[in-house]
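The structure appears right after this line, and notes come after that.
All chains are identified by letter, namely A, B and C, in their written order; residue positions are counted from 1 within each chain.
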Amino acid sequence: MLNWFPENVSTFGGEVDGIFWLIFYITTVWFFITEGLIVYFAFRYRRKPGEKAAYVLGNTTAELAWILVPLAIVVVLDLWIDIRGAAVWANIKGERPAADITVRAMGKQFNWEFTYPGPDGKFGTEDDLKIDNDLHVPVGKVVHVVLTSKDVIHSFFLPHARLKQDVVPGREIPAWFQISKPGEYEIPCAELCGFGHSGMNGKLYALSTEDYEKWVKEKWPPEK
Amino acid sequence: MNANTATMTDSGIPPGKTGTWWFLASEIPVFGGLIASYIVVRLGSAGWGEASSHLNFTLALINTFLLLTSSMTVVMAHAASQENNYRSVANFLGLTVLLGLGFLGVKAVEYTTEIAHGFTPAAGIFWSFYYGMTGLHGLHVLAGIIVNIVLWIGALKGSLARHGHRVELAGLYWHFVDIVWLFLFPLLYLA
Amino acid sequence: MSEELGYWRSRVFSTDHKVIAKQYLSLGLFWALMGGATAYLIRWQIAHPDTEAPGWGFIAPDFYNMLVTMHGTIMVFFVAMPILLAAFGNFLIPLMIGAKDMAFPRLNMLSFWVFFLASVVLMASFFVPGGAAAAGWTGYPPLSAKMEYTGVGWGMNLWLLALALEFASFLLGGVNFLTTAMNMRAPGLTWFRLPVIVWMQLTAAVIFMLSVGPLIAGAVMLLMDRLIGTTFFLPEGGGEPLLWQHLFWFFGHPEVYVILLPGLGIVVDVISVFSRKPVFAYRPIIYSTIVAGFMSFIVWAHHQFISGIDPRLAMPFSITTIIISVPFAFVIFSIIATLWRASITFSAAMLFALGSLGVFIFGGLTGIFNGSAPVDIYIHDTYFVVAHFHYTLFSVVFFGSFAGLYFWFPKMFGRMMNEALGKIHFWLTFIFFNAVFIPMHLVGLRGMMRRIANPMQYEFLKPLEPLNMFITLSAILLLVSQVVFVINFFMSLARGKAAERNPWQANTLEWTTDSPPPHGNFAAVPSVYRGPYEYSSPESAEDWLPQDRPLTASRTAVR
């Protein structure tokens, strides 16, 4: 049997999954209460000869309490979900932790173009390096991605990191993540972007610190 | 409310008027959405005032005057219809139509001079909104003119007398179109 | 009277609300076939990418995008709206309020023909060079704003034109619904004696009329971007792509309730009749409906949590979104409470109504996941969302409409439908629907994106292949199951048992006249003495008490 989610490999992914499971347990209980009542009532109160239905209007406070009390519980649970969720949201999409490395990612029909600032740490200089579809990052470091689009709206999706962010032309949208496990993960586009949308897919290489150093040396040989 | 009265339960407002009001209620969000978009996008970027300065303020002021006057003439047409004076209704409706056509004529002059100066719909975001907003409004003016022409012919032929309330309904619509302009004018020409 | 009018005036260019309702129904059912066909091709391509779909052939990626775009457009605007709102609304509102016809019968006819024109335009868009619109049913620019991004030329323009015509049609229809209900109710029929479905139709009409305006403006703007070079949504000309999303969803979310409410209204009415019991908490249901209607205007940005809007906006919209579940929970709980101590007959209509309720609850609960901004980061634009909204929409659009059709078919066509076939239809639909969409949640949780033509292009989606094949197989069976309905529909139309006036012993006014009702509906204007749900009332020896039956013993009306 499949797991419900792809393996989580980011520092905040567990929090997203946590909120998912919180909602899952709450809604599962409600599911069985409501559907169970429907099935039970349908069976228990099926038409029997000689029996008349009760004439209940549901307009007295005592009767309405049967609805209003569960409703109050719904409100409380709703707010609980929202308050728990707000913290996770703020962590992922709000204030970002300081960057260890910053990469620019531009969506274009139908590729991701990643730009590394190079050893000087600045974009727009000679040592910038552009690579289509392959994103190399070190594990355990905070990576900032500055998202832009050349043409239409794309969506930067890292399923294993539980990160998704639309990429809108005319805007620079910041995102961040921190990978906790080395490996190769995919970066599909999640927003319909044209006939090549299906198959627009990048690859995230999460490398150990040593492997990352090695990759950097390969790309920016020190003698230069 | 007790039963057994033979008449239908109603709101006391004639159906035509109820329907017209609901129609206008659904028209407000059309221009509301457009105007809100204009304001939000304008607040988010610069250079709009400069673009706006290329518009012909004098012509727009004349147009405002034409529309306001036409609102007065439809009110007078309505008043005449209540006195069953359809000769006068025809005159005031005809005047309204002329004023409306005048508005569109001035608008056409504005468009052509602007386009001649290179300010086409593709000239930038201000011009997108300018042509979008005034164009959609212009279409509404045109629709109002057509409605008023139909009523005007009816008034001349005498067939309008049976449907006198239609003058009022057309007037409600005309006022709405007029009010929209009173929002567009300062937003586009003054701000 | 219809004999005097001749064929064209009585059947085609008719001003009779019942004929117009049937015209909407026929056209809606026709589009449902098209919607089903697109669904089949979409599912085939996902399960067996780049193989020939039986009965069609290969599905290229650009054609696949047209399929997903048109499937959404057709199902929402050309199936749900004409059937739930236009067909049921047109048929039921005048009959249920005891009126002869709509307030503006000729306007009503015009509405239908404008909708017909919209249908023709949408259909034509398949056949123009470049093909039909392929930017998703949400039509997000810049993809939708420039031909070079999709290769679609006039197809997209015609798509916008079809939507504009459709909106105009339903605006005129809404004017008619509201004016009719305000001015033409039978004597004694006060606002709080109206059936719930009438209330829900009216609320839906108001929501539609007040929310669609900005999208009409948006459609004009997008069309201008495409045709005369404006740059409303194009950043290279100072425009703002996200503006479209706001205009679209400011309408788009209320639109969900425009569809939902009439369906829910059918469910409430049918459940009350076959439970032989008054609707629990009638007035609070109506208040909840209105509250939910107004709240639907302040939730739209939950479709845009990760669209690039200011992240600080997410939590306010997340809160309004989750709070909007409260009025709906009230309505749902009340429907369940209606079943308590009832006397339930499981007719085909009742099965579909209960099915609709059960399925809708599932969809409502999965909505909580989507409404939570952090969870949405992951599940947005995945099949979890697709599964969720099919649970909410299929429940009302199909289960709800089927409940309504099995219930009102005798009144519409004067013949009974076959109950046994109806029940088989229900169980097949119910089983295969769940077989399609429960696994689809899992596919979504594994991260599969919407609108991708070939999941096998992604390593992390490859393990989902068997599940996708199972879903596709179930979807085909779900579609094939509808044949039972088609057979039942046409057989009953031709040879069904003749229907009496009131085969279900229901209380509302439409059941007091002939089946089908004559032109003008009622022989004499009915007088109304009570609310619509006086089932099993102690005042009556039977378990029903029609709205128009005077009680000699006690003149005081209940409620």
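Here is the rule we use: contacts are C-beta pairs under 8 Å (C-beta built on N, C-alpha and C of every residue); 3 or more make two chains touch, one makes a residue touch a chain.
Since we're looking at a predicted model, the values are computed, not measured.
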Review point. Which of line, ring, star, complete or other matches the graph of chains that touch?
Key: line
Point to revise | Best-connected chain pair, where connection means C-beta pairs in contact | key: A-C
**Study point:** Between chain A and chain C, centroid-to-centroid distance (C-alpha), Å
**Key:** 30
Check your understanding: If you average the CA atoms of chain A and of chain B, how many Å lie between those two points?
Key -> 48
Study note, to complete from the structure: Taking each chain's mean CA coordinate, chain B and chain C are separated, in whole Å, by 34
Exercise for review: Give the residues of chain C that touch two or more other chains, as numbers and ranges in rising order.
Suggested key: 239-240
Practice item. Sort out for me which residues of chain A touch chain C in the complex. Key: 2, 4-6, 15-16, 19-20, 23-24, 26-27, 30-31, 34-35, 37-38, 41-42, 45-48, 51-59, 63-64, 66-67, 70-71, 74-75, 78-79, 81-82, 85-86, 88-89, 92-94, 109, 151-153, 155, 157, 159-160, 162-171, 173, 185-186, 188-199, 201
Exercise for review: Give every residue of chain C touching chain A within the complex, in rising order.
Suggested key: 60-62, 64-65, 68, 134-136, 140, 142-143, 149-151, 235-236, 239-242, 275-284, 306-308, 311-312, 314-315, 318-319, 322-323, 325-326, 329-330, 332-334, 336-346, 354, 357-358, 361-362, 365-366, 368-369, 372-375, 377-378, 380-382, 442, 445-447, 449-454, 457-460, 463-464, 467, 535-538, 543, 559
Review point. Along chain C, where are the residues that touch chain B in the complex?
Key: 98-99, 103-104, 107, 171, 174-176, 178-179, 182-190, 209-218, 220-221, 224-225, 228-232, 237-240, 243, 246-247, 250, 525, 527-529, 550, 557
Review point. What does chain B use to touch chain C in their complex?
Key: 1-11, 13-15, 18-19, 22-23, 25-34, 36-37, 40-41, 44-45, 47, 120-122, 124-129, 131-132, 135-136
